[in-house]
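Should a chain be cited, it is by its letter among A, B, C and D, assigned in written order, with residues numbered from 1 in that chain.
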Amino acid sequence: MNKVVANAQAAIEGIKDGMTLMLGGFGLCGIPENCISALVEANIRDLTCISNNAGVDDFGLGLLLQQKQIKKMISSYVGENDEFERQMLSGELEVDLIPQGTLATRCQMAGAGIPAFFTPAGYGTEVAFGKEVRYFDGKPHILEHAFEAEFAIVKAWKGDRFGNLIFKGTARNFNPLMAMAGKITIAEVEELVEPGELDANFIHTPGVFVQRIFQGSNYEKRIEQRTVRPRN
Amino acid sequence: MNKVVANAQAAIEGIKDGMTLMLGGFGLCGIPENCISALVEANIRDLTCISNNAGVDDFGLGLLLQQKQIKKMISSYVGENDEFERQMLSGELEVDLIPQGTLATRCQMAGAGIPAFFTPAGYGTEVAFGKEVRYFDGKPHILEHAFEAEFAIVKAWKGDRFGNLIFKGTARNFNPLMAMAGKITIAEVEELVEPGELDANFIHTPGVFVQRIFQGSNYEKRIEQRTVRPRN
Amino acid sequence: MLDKNGIAKRIAQELQDGWYVNLGIGIPTLVANHIPKDINVVFQSENGILGMGPFPYEGEEDPDLINAGKQTITAMPGSSIFDSATSFAMIRGRHIQLTVLGAMEVADNGDIANWKIPGRMVKGMGGAMDLVASAENIIVAMMHTNKRGQSKLLRQCTLPLTGVSCVKKIVTNMAVLEVTDKGFKLLERAPGVSVEDIQKATEGRLIVEGEIPEMSL
Amino acid sequence: MLDKNGIAKRIAQELQDGWYVNLGIGIPTLVANHIPKDINVVFQSENGILGMGPFPYEGEEDPDLINAGKQTITAMPGSSIFDSATSFAMIRGRHIQLTVLGAMEVADNGDIANWKIPGRMVKGMGGAMDLVASAENIIVAMMHTNKRGQSKLLRQCTLPLTGVSCVKKIVTNMAVLEVTDKGFKLLERAPGVSVEDIQKATEGRLIVEGEIPEMSL
């Protein structure tokens, strides 16, 4: 039971042109920086990326966009990215925008073997076009389906050889959900520890969901909106 | 923001004859012992109880069954309880048996505002009678609905005044799911601490889901099947 | 006429002790600066934190602790961190007592549009559609008119909707209004703003009944 | 003829290094005692633990650490604890490589019945319906015949079903069988058991092709 691979290059083995990937993170917080770099380097193309955001022009998924490696983005919010907007408005990039809670639950249900569920989010909007509507307790809901993704790539704070993960602060976000949802899940961690070092009672992602793990390096952890208050 | 009540008697205020309750626990592990005693004492009747098991003859929900306070049980497994079997076979007790994963997910979805979902569990069995069947990826699934419960009663290891909870070991089980699902959620804890004492990064149940909390007393924590191995 | 902080201050008066509150990006974020001293509210940010505190002191920013606007934040004692599915369980499951968000347009039946201008701006809805579809108590914080002076309170939204018949109350730089079956009911005027000013700036049906008091801030 | 431990021992041979395995109550539980030394498997118990270890030493029982059979257990290094929804996410989401469970009846199309005898015994299905509906690899561990000597391998189940067309393999005290389109295919005989013995004890369609080897234990 040793899921450790050497590095990001080894971790992304098997990711091919045209595949669907889930990538954890919210904004630039908790994104798998090492694997994104490896995907850029390997120049894998025509990717469908399920990720809450699309990074910024020169960081996160923005790096894949720059190289035009992404065919389709499935996200909830894609502001703050000029290159993205350009590719989308010009039609080069296919974009599926979906409500953030629906995005999260579609990941969660993918990992949980629940193929479809009803949610109130998006009823009466263009998100509901072509979707089944059903009333529960007098309120309209739409039918949404679990995602399918060949690979999920997540970033954790600490992880062990068995794939158990813990996240730090709001860098958790979509990461544990996507970890459950990938057919193959790759976790890059800031610190790789031995089994038993993480308290079994406080594991965020049980190892069963993770197939490959490695200790990443040179995390930049860029801050998108640095906001502070004066010292008195 | 102080959700602390004095004791179990105060915590169950407002629970009335005929109501639907969720009660955490798996077997006798992680059951809200103090609140069950208070319900027995208050002699509240005609209850519908959603709980994975029904206790044993003289402990857990068995205590409510002895006094015939339960009208209907919604559970996945009810063995190991003679009085239960007697009441069920004689028709005094209504019983709805449902697959354990469906039970868990119906609780989880109740708390999450998802009114219905498709699951493969129970297709082709009597569990599926009268339920909508739909195929996903060539496999049959049945439509299941989120529960509704006026009160959820859970047992945690530690909790703070804001209602944040952590559980210990497999006493977690259904507790965090039911905590999310109750219109009013009561948490009894072994140790009540001040906000800030529990690490925000390792809270199992965020306080928003809990309306009342108290430090329980005299926990018996009875073991159902004491199994040991020889010392060498 | 109120400025953005004035709008936030007026909305802060709606808060009740013990409430869990989700504040959207923009004017809603400012509400946190005006909480009355005698009440406690807990702020939820949909990226996964309950008990959001003020911005950090310079040098104490943590890249792993941000809000939904991607701003660096702090966490209050008693806060909790969770994943995005749990976060939206709180929202869809109606565990949050108040949602405050901005809008481009609101219709007099409570419809709201705030995520897209076809062909020009498509940032996405983020968590707004989940919030408006589920929240029982939604206040919109916005300017009464857009940059071209056109009313943002309409008979019908012209932009793609975020949610239908969901907005309950609107606080603008000019007025406080409630959404009723018959349209926007005028509740309060901003200081120095007349009922006529509001009527002129409101395209949707406006209900004016009796004396309309001025806001007390 | 095998005893219960023999059945467990034979099933243990099916395990592969790195597998996550869910063992049901009864004979399946015994499988954990026979894991080949050179492989590592992780046991999941559906009440919420991955990495279940052996029973505790006397005096070290923890009431807060049990398995789905309500037995006191221990946790291995690298184990994890989770709630019941996450546990069944593992199961329904096909993250578990093998499920071993007991049965009252199995039909030759893979149907299984193991939770109810109408009017006589209704303990409930527990997690069995979720397990059989989702698992890609299900082995049934049971005696070939019931206490009255009647076959438990049937043309059709007579008891209420737990799942349809889901069982892949059956290990009994007499044989190892695979469920195929055409019925039970006999793979191995237990020591001292003849093909004729098995044919007599099997009510469902039995396929015997070529020489049937004896199990090597």
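Just so it is clear, a contact is a pair of C-beta atoms (placed from the backbone, for glycine too) under 8 Å apart; a residue touches a chain by one contact, two chains touch by 3 or more.
The model shown is predicted, which means the values in this text are computed figures rather than measured ones.
Comparing chain pairs B-D and B-C, the larger number of C-beta contacts belongs to B-D.
With respect to chain A, maximal separation of chain centres occurs for D (centres as means of Cα atoms). Between chain B and chain D the centroid-to-centroid distance comes to 28 Å (mean Cα coordinates, whole Å). Rounded to whole angstrom units, the spacing between the C-alpha centres of chain A and chain B is 33.
Our note on geometry: chain A versus chain D, Cα centroid distance of 36 Å, whole angstroms. Looking at chain D, one finds that residues 49, 75, 81-82, 85, 88, 91-92, 134 touch two or more other chains. Multi-chain contact residues, meaning those touching two or more other chains, occur in chain B at positions 105, 108, 112-114, 119-120, 168-169, 201.
Interchain contacts give a graph that is no line, ring or star and is not complete, per the touch definition above. The full set of touching chain pairs reads A-B, A-C, A-D, B-C, B-D.
Interface of chain A with chain D (complex): residues 1, 108, 110-114, 160-162, 164, 180, 194-196, 200-201, 203, 206-209. The touching residues of chain A, when paired with chain C in their complex, are 26-30, 52, 75-80, 85, 88-89, 95, 97-105, 107-108, 119-127, 157, 168-177, 204, 221-231. The part of chain D that touches chain A in the complex is made up of residues 17-18, 20, 40, 42, 44, 49-51, 75, 77-82, 85-86, 88-96, 134. The touching residues of chain B, counted against chain A in their complex, run 105, 109, 112-120, 134, 136-137, 141, 145, 166-169, 201-202. Against chain B, the residues of chain D that register as touching in their complex are 45-49, 54-73, 75, 81-85, 87-88, 91-92, 111, 119, 122-130, 133-134, 160-164.
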